[in-house]
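The following pair of complexes shares a single chain, chain A, combined with chain B in the former and chain C in the latter.
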Partner chain A sequence: MCVLCYELAPEDHWSDGVRPGEPSAPPLRDRHRRTRILAAVLAPYGLTVSDPGAGRHLTIADRKGAAEVAAGLPAVWEAAGRLSSRPLDPLDPVLLAALAEAGR
Partner chain B sequence: MLLGAPGRPPAAAVSRRAVTVLSGFLGSGKTTLLRGELGRAGAPGPAVILNDFGATMVDDGLLLRSADAPIVISGGCACCTRREDLAKALAGLLDAEQRGAAPRRDQVVIETSGLSDPGPIAFTIANDPVLRHHYALARVCVTVDAMTGIGAAEQHEVALRQLLAADEVLITKADLVEPERVEVLLRWVHDLNPSARVAVTAQGDVLRTVPAAEVRAAGSGSRAPGDEGAHLRGISTLELTTREPLDWQAFSVWLSLLLHRHGPDVLRVKGVLDVRGTGPVALNAVQHVVHRPEHVAQPMPPGTRLVVIVRDLDPEQLERSFRAFLTIG
Partner chain C sequence: MAKDIKCVFGVDIDAVGGWLGSYGGEDSPSDIQRGMFSGEIGTPRVLKLFQKFDLPATWFIPGHSIETFPDSVKMIVDAGHEIGAHGYSHENPIAMTPKQEEDVLAYCVELIDKVSGRAPRGYVPPWWEMSNSTPSLLQKYGFTYDHGQGLHDFMPFYARVGDSWTKIDYAQEASAWMKPLERGEVIDLVEIGANWYMDDLPPMMFIKKAPNSAGWVNPRDVEAWWKDQFDWVYREQDYGVYAFTIHPDVAGRPQVLLMLERMIEYINGHEGVSWVTMEAAADDFRTRYAYPGPTGSPFMPGS
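Up next is the complex of A and B:
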């Protein structure tokens, strides 16, 4: 547990094991990039993600205002699954079409 | 073979003790192979942990040497949870070292029971808060009986899981079948798990080794194993390749969501990623357990090559998904 913010230290996740970019690049850049990617994935499910900038937390919210705080990718998917009316699926044709459209 | 090339510890285990998991279906020759390997190993030999189902152990008697009694853990299960018995045995090894009761051993061999799934063992080593700082899974070696291996994988789910988890497949009892039969088995293993190196053995001795199947040079592809004989329904092997470096954040979001949604059907992910701004990164996942990615120090050809083995998932849809996530800007 962090003695300053009382956050329970989450377990290391494999996705945090690689630091892309130059060694001098600020770690926040990776964090912002991951948040942008998560936003693109969650949008077709009617969800948003925001980064309050504290600890490893991200906030996942639906359009009705319900929100959950999640630390780490597994917790993000758990929270999004509870908030969404459809199960999140990387093979979902609707999601893939939305990503393709956004990539144009 | 089981212990890797002399003097060249695996990258993941430079400072930690290298753990070799020796798996394989019942009667496929694990203990014979291990006896041969222990006989060839120099001093100090590896620490050996044996797991078996029976109340009366047999294999420990076969392996027993005066100075190197194996640690025996009985029971065992095929469920995908932390193996408390194994964690205790590995912690006991550390404790013995620190008390000065045993020398440090840089190699540990875990011989699993013939009905064990390597997944929980990998999970235990990768996720234990203490053990993961002292041990690194170096390789999963799986024995396949030249006479009965294909039939066992067709009939027993756990035998198939063992094969798919392998970094090295050891075809045993090659002296008991016709050479053509060994060739059929070699092609079958390569179709099933192209990321695995294959060794052909007889009576515990290696006759020859065959490197992992070459990844197709142009683009990606998928195939169902068993063109040479057995047909394993629902299993597809997919090779994902990119010529350009990929974005780590996009890839890790994709893989984590894939494992979250379809984890039980993603049987194996293994390969080297060309990560933008970082270079080659080795990735290895056995079922839903993803080992911490390792930066690869030696020069690698550009591009990503990733083998994904799935069950009851559409390989084409999977590849479309992989590429769609990589395009997220």
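Up next is the complex of A and C:
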């Protein structure tokens, strides 16, 4: 736990995957890449992600004004599960079709 | 030149529709009750305020509020105020399909015509977001002005649509994003500028589902911002439109009503100030600066 903000240490999550970025990549580069991928994954569920660019927090929002701040990927998926009207499923055909369409 | 500062109250009755479409309250009975307060309690209070000072106002009423609060809407119509359109359930225009957006607009135009005897001329896009479809829909349904774009603050202008810009993609070469904004076309739709700093809702309405919601700003601080803006406009401009955007959800609360009374009295203490509807302000602007065509400047010379 951080003694300043009382947040628990970030948990690992399988969806963080293996970073292909070169070792010398700027620190924010992987972060932007991850946010971009998150945006593509969340879009079929009617959700958006925004990244303030500092700290571990991301904001997940629906299109009707509900939003949650999430620190770390496990919290992101939990928030997305609460905000989405459909259950999140990595094998969801709608998600897979959207990702294929986006050329990922 | 004599001062001619036109002051306008734009009143959005977001109410229950606001909680359904924009403030994340669809699962909260408490939030829905706050929306009911707006339509049933806050709206008559704001009307009474306008009556006290004999002010005209423009009420942008979502279709959901028109159908949920018929008695309050009748009071507004009977008092002679202008009615404008503001979505059905305060849906975000950029979240809707073009067909959904047209269905919402067409139905709301019909509702306003039915309750007021006149189709609306003015529109406020919920969230102050215009989609790519919005401008052509507004023209198709006979709107002459909009209160949604933020290109200027206290000077009306003509709407510009189709601005395009390049987002940064750090996976690309820098040359991919180093491109200036490209301006779109100016259209024949007067804009009374949307201005978050003249809006009562973000600072003074607590929204549980918004992580950055304030809602607890002292109205006396908001009053100071609004007076500073008025003072600057009055000092720097001979002509201008000073437009408030208020919501009975917020403005119907005692602490805000008292602040609005003080603001009105303060403004009324100045020469060359008048209170008009937003439609009157937009029509007056057209007489000062005719539509310049798609490649003209949206701004009146000197503004």
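Everything below uses one rule, namely that the second predicted complex is superposed on the first by the 83 of 104 C-alpha atoms of A that agree within 3 Å, B and C clash if a C-alpha of one lies under 4 Å from a C-alpha of the other, contacts with A are read in each partner's own complex, and residues count from 1 in each chain.
Here is the rule we go by: a residue touches a chain if its C-beta (ideal position, glycine included) is under 8 Å from a C-beta of that chain, and two chains touch if they have at least 3 such contacts.
Bear in mind the structure is a predicted one, so any value in this text is a computation, not a measurement.
When the two complexes are overlaid on their common chain A, residue A:91 makes contact with chain B while staying clear of chain C.
Judged by the touch definition given at the top, the superposed model places A:63 against chain C, while chain B stays out of reach. Once the two complexes are overlaid on the shared chain, A:38 sits against chain B while remaining clear of chain C. By the touch criterion defined above, A:103 reaches chain B but does not reach chain C.
With both complexes placed on chain A, chain A has more residues touched by B than by the other of chain B and chain C. According to the touch criterion, the shared surface of chain A, contacted by chain B in one complex and chain C in the other, consists of residues 33, 36. Residues 28-29, 32-33, 36, 59, 62-69 of chain A are the ones that touch chain C when the two sit in their complex. Residues of chain C that touch chain A in their complex: 20-26, 92, 95, 169-171, 207, 209-211. Contact residues on chain B toward chain A in their complex (touch as defined above): 127, 247-250, 252-258, 260-262, 275-278, 281, 290-293, 295, 313-314, 317-318, 320-321, 324-325, 327-329.
Those residues of chain A lying in contact with chain B across their complex are 11-15, 17-22, 25, 30, 33-34, 36-38, 40-41, 73-74, 77-78, 87-91, 95-96, 99-100, 102-103.
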